[in-house]
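Naming follows writing order (A, B, C, D and E), and every chain is counted from residue 1.
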Amino acid sequence: MNLGKVVGTVVATRKEPSLEGLRFMLVRHLDENGKETGGQVVAVDAVGSGPGELVLVATGSSARQTLATDKKPCDAVIMAIVDSWDIGGKERYRKSDD
Amino acid sequence: MNLGKVVGTVVATRKEPSLEGLRFMLVRHLDENGKETGGQVVAVDAVGSGPGELVLVATGSSARQTLATDKKPCDAVIMAIVDSWDIGGKERYRKSDD
Amino acid sequence: MNLGKVVGTVVATRKEPSLEGLRFMLVRHLDENGKETGGQVVAVDAVGSGPGELVLVATGSSARQTLATDKKPCDAVIMAIVDSWDIGGKERYRKSDD
Amino acid sequence: MNLGKVVGTVVATRKEPSLEGLRFMLVRHLDENGKETGGQVVAVDAVGSGPGELVLVATGSSARQTLATDKKPCDAVIMAIVDSWDIGGKERYRKSDD
Amino acid sequence: MNLGKVVGTVVATRKEPSLEGLRFMLVRHLDENGKETGGQVVAVDAVGSGPGELVLVATGSSARQTLATDKKPCDAVIMAIVDSWDIGGKERYRKSDD
């Protein structure tokens, strides 16, 4: 999985029917310091994430292993919202309570 | 999924029989600003997209999860036509009505 | 799928038994102008392609969705021979009749 | 598989239900000399690895072929803890007994 | 598939049980001239390859389509030992008889 930050949403009315009702989120890739790497991906939201949240994104066939995406043409899914992470025992990120 | 722009079509008469009747589109990769990144992919069209349209492309095994591509040797599919997207609440792209 | 050019063949006598009889082609990656990008892949030929021909290569699990490659340890397959492609309505490549 | 070093953990309370109980590890990619390459991945731990250990990480659908990750939206798994490796008959790395 | 050269072995005692008995090889990526590209991968050996040999490596789910790797968390497999290859009808590599 990759660390990412939800920054926006993509609207697509005309699509493969099985995708109806899914939310497509624009997610920027982050490195282990929470810094944007310059890349981004459009991922289906499976966990109720919103703009500004840091998330984990799973890609490939694993992106279809959620209730929301099963058997659908989706190759990237937000399958977790990140609360915090640490490196070498030191906290690098913690979600604020706002 | 990746954002892309349909720029052309590829014709291939001699192909795996299961691919008969599919349309192969040349799609340039776009970043979150709608700017071309320099890369491209040949994707099967599953939603009736045409030249000039911005689309979402799913790759890998997920590219076979459409009615058009099921069980076929296709690793990239156009599964949605993009109407618009926003970043940080501001619209970055909206399809014109032309 | 990616555009490629068949430039050679790879011989491997000792291999997973299921691969017996398949042809391994050396394929250079091409961009949308038909220019070599510097990369290459070894792909199984599923359509009778030969040296010099421009082809489409499917990778990953989709490379196993041909009669030739079904259930085999093959992650890249030539599934179509390219006749031509256009960009913005202008022909960029057309196979010669030689 | 890629060589990696476990450097931290990621906490995510809100996630796809099937992921409950799994440990998400932050793993830095290593080259054949054990040097960090600058990349990293978040991988599910399937073998009881801990911070500081060198591991093998499998990605894609293969990341779901462990007891811990079967049928789950996980695209990277730690499936082995590395004891040692050699290149050209010379040992390049051996885990210390600490 | 990618061309590679077997340069070493990786030992991992603690691993997913299904991987017991498999050999993990360190394989350097080669380009079409047989030159190392700087990258490497750890691949399971399915064909009895050894250090110094040039091989083909299949990745992703295709890496599980051998007798040795079926249903195992393995995303890269050596599925053939290369005897020779040619480009434009000229031999670029031939295995020596040593």
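Here is the rule we use: a contact is a pair of C-beta atoms (placed from the backbone, for glycine too) under 8 Å apart; a residue touches a chain by one contact, two chains touch by 3 or more.
This one's a predicted model, so the numbers in the text were calculated from it and none came from an experiment.
In terms of the stated touch criterion, the partners common to chain A and chain C are B, listed by label. Common neighbours of chain B and chain D, by the contact definition above: A. Superposing the C-alpha atoms of chain A onto those of chain E requires a rotation of 145 degrees, given to the nearest 5. Looking at which positions face the partner, chain A and chain D present mostly different ones, since fewer than half of the interface numbers are shared.
With centres defined as mean CA coordinates, chain B is found 21 Å away from chain A. Chain C and chain D have Cα centroids lying 33 Å from one another. The set of chain C residues touching two or more other chains comprises 59-61, 63-64.
Here the chains make one closed ring, and walking it from chain A through chain D gives A, D, E, C, B.
Only residues 1-3, 31-32, 46-48, 56, 58-67, 69, 77, 79-89, 92 of chain E touch chain C when the two sit together in their complex. Interface residues of chain E, counted against chain D in their complex, comprise 7-16, 18-19, 24, 26, 28, 40-43, 51, 59-61, 63-64, 71-76.
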